[in-house]
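Next come two complexes built around subunit A: one with subunit B, the other with subunit C.
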Partner chain A sequence: MDLSLSTRTVGDRTVVEVGGEIDVYTAPKLREQLVELVNDGSYHLVVDMEGVDFLDSTGLGVLVGGLKRVRAHEGSLRLVCNQERILKIFRITGLTKVFPIHTSVDEAVAATD
Partner chain B sequence: MPTVELLFSALPEHVRTARLVAAAVARRAGVDEAVLDEVRLAVGEACSRAVGLYRSSGADRPVRVVLTEEEKKFSIEVGDKSPEAEDRPADAASVPSARGDSPAEHSEPLPDGSPSSSDSSEAEDEGQMGLAVISGLVDDVEVFSGEYGDVIRMSWPLNPAALS
Partner chain C sequence: MSATGWQTDRAKNPHPTSLPDQQLTAEQRATGPSSGLPAQPTTAALPRQRTSEPASVSAPVTPAPFTLLVIGEDPASAFAVPDLLDATGNRARIRHARNLTEARRLLTDDVSCILLDLELGARQAKGLDVLREVLRMAPTTAVLTLASGQTDAELAAEAVRVGAQDYLFRNEIEASLLNRAMRYAVERKRADLAQLQLTETRLRAEENARLERGLLPTPLLDGAEKLRFAARYQPGRSRALLGGDFYDVIRTPNGTVHAMIGDVCGHGPDEAALGVELRIAWRAQILAGLCGESILQTLQQVLEYERPDDEIFATLCTVDIAPDGRRASVSLAGHPSPLLARRGCPAELLPYEHGGPALGLLPQVEWERVDVELGDAWSLMLYTDGLIEGRVGMGTARLGQEGMIGLIDRGLREGLSGEELLDAAVTEAMALNGGELTDDVAVVLLDHG
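This part shows the complex of A and B:
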């Protein structure tokens, strides 16, 4: 299974819908997508991970890299995830304290901190 | 003798294959279904790390994954073992302690650095996070020094009663 990526704009947010497996092979594609969005001036990102079947530390690294990039522009990167096995990886690496994690895209888009 | 031994070229596209094989062999060996996700993730992390290390050191070696069904446990070894590593005890200092004690201390998700940090520093962050994930997931982990980098050995109990 490969990685699928699609983006759409909701208000001032850009929603990146990710599907499939994010690992050492596919993570560079996600990195490119996030870099491209930031370069194009999208600084408020919502990454929808509901369709993600597998996530490893390479994927976490890409998300952290994306967060660094949007923060450099006073932006935000929010995650949407309800899958326990994916959430567990954020917990054991302490990243639940770093990323705002929402239960739905609507909630993430409406969130303001 | 290992139950299944897998050798693959140190390329990112083969890591998924290693995950699938490891999960299939673990399932057949009797590893609890609830733990298979952890096996899959831990093997993927260990293989990704090996691929990164071999490529950055220019070592033209395949990554070796040894899956062994023992009487009471299922063990997985990832890496290339040098002959002297056989006699050497686990390098306890290099393996973060197992699950339980605040896992976050092993990782520094946001190290100081400019937002435009290079890909190579991101890759290093990922390598560290890989070990943090393994140590957070697996109770029984050892890291040995091998000729071409670390050898990571992980094991899971086969007796479902011991899993709780």
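This part shows the complex of A and C:
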């Protein structure tokens, strides 16, 4: 199964909607997308994971890499996720302490630290 | 123009009329096949050259018209390339480039052999620079060089050392010699590429084997009489990309057994090498008599210093089993919790609520240790996430920890233990996945009592 990506701008945030499976084969595509956004000056990202069916450690690495990139520009990377099996992966790896995780895109877009 | 561009052009029109194929003189055309030699019977077919990857040299060879690209300054009279026949008796196609820019344009996938006039090099650049450029431009094509009185035999020999397949002298050129030289050159180039590919494959396999040995050591368990160790490692679907799964088990002089399993996120030699480093760093600390939380702190430091890219992190699970085998303390750094099966009880996950983040994610983390009562007789399984990430059926469902517990319980009920139990579990996970698992899997099983 493949990975789908689409981006849209909401205010000063860029929402990346991810669908499908993020694994060792598809993770590079997500990495490219995040790198491109940061290179183009989008430093406040919201990654919508509601359409994600699967996420492995390579995918987690890409999200961590994305976070480090936006932080280098004092930006933010917020996740939107309500799926228990994806949340569980974030909990096990301790990434719930690294990423702000929101229940909706609206909430993530409105959020400030 | 890029190679891709050429391929696109070729896809549309495999024999573009704009290319000066057959820039033969009228005389050459008129002479017909009689002046050429019969095709060499040993050359059943000529390989498609001009491929971007040597890997394709082992692909089935399809008969293709033989195309020679001549690179030399004077298209008409510098030398006359005689008529040539290819394996099927057709006249070989000849293209003529007066310089490297033209050569680049005319060098398409169907060029079987290049004949480079060393005079071109002598006038336009130093020594064999032009040849080097041609070899760079056409790494998979056989290159012959043409020498004359002005370019001495020594230079011609040097050309072969640089990478040309052979050299010919201008005054010796005739159809039979050129025909043979070209065909030998093409065959030799093909053999060279096949050899190169074999060597690369072998080196990669050796490298993977070396890393695998580093990731998966022989446990140090001398004196642990009631404890049995079993492990299973199953490489993922893309074997060329070794994962960074690692484990280790050591019994220290006081009788404590220290077990550990970990996984560097991502795949590839860098990640695998980092896995080896983390394992060795852990082993060194245990052998040095250290224990407790400071070990994870040090491992995190090692990871931060050694990782090639700061998106890389590693998960880790450590279990220290008391000398009497009845208790253990467990630390989790972003790693799935081990599975414990006490004799006669269903398997269950050890507590994971206390788990801390994976190594390399956050600065200044403290990892908790949780004490667990094991009892008299038990099996403890440490594993990496490759085992639980396999698919179940055609949809998006995955095995997960619950599915894994089911597999292990069934194995235990069937009386399996040790390697057999692990083999059965991994084999079933693969069967459910419908083939090899995507990720590498490492599993360690400790049986007590």
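Just so it is clear, the second predicted complex is superposed on the first by the 113 of 113 C-alpha atoms of A that agree within 3 Å, B and C clash if a C-alpha of one lies under 4 Å from a C-alpha of the other, contacts with A are read in each partner's own complex, and residues count from 1 in each chain.
Just so it is clear, a residue touches a chain if its C-beta (ideal position, glycine included) is under 8 Å from a C-beta of that chain, and two chains touch if they have at least 3 such contacts.
Computed from a prediction, not measured in an experiment: that's the story for all the values here.
Superposition model on subunit A: subunit B and subunit C are shown in a clashing arrangement.
Of the two partner chains placed around the shared chain by superposition, subunit B and subunit C are both touched by A:95. When both complexes are overlaid on chain A, the residue A:60 reaches subunit B and subunit C alike.
Once the two complexes are laid over each other on the shared chain, residue contacts for A:72 go to subunit B alone; subunit C is not touched. In the superposition on chain A, contact is made by A:23 with both subunit B and subunit C. Of the two partner chains placed by the overlay, subunit B and subunit C both lie in contact with A:85.
In the superposed pair of complexes, A:51 makes contact with neither subunit B nor subunit C.
Comparing the two interfaces of subunit A, the one with subunit B and the one with subunit C have residues 21, 23-25, 54, 56-58, 60-62, 64-65, 68, 85, 92-95, 97-98 in common.
Here subunit B touches subunit A in the complex through residues 12-13, 15-16, 19, 37, 40-41, 44-45, 47-48, 51-52, 99, 103-105, 107, 109-110, 113-117, 122-123, 125-126, 129-130, 132-133, 136-137, going by the rule given at the top. Note for the complex: subunit C touches subunit A at residues 236, 238, 241, 263, 265-267, 309-313, 315, 332-337, 352, 355-358, 361-362, 365, 385, 389, 396, 398, 400, 438-439. Interface residues of subunit A, counted against subunit C in their complex, comprise 1, 21, 23-25, 53-54, 56-58, 60-62, 64-65, 68, 85, 92-95, 97-98.
The touching residues of subunit A, counted against subunit B in their complex, run 21, 23-25, 54, 56-58, 60-62, 64-65, 67-69, 71-72, 85, 89, 91-95, 97-98.
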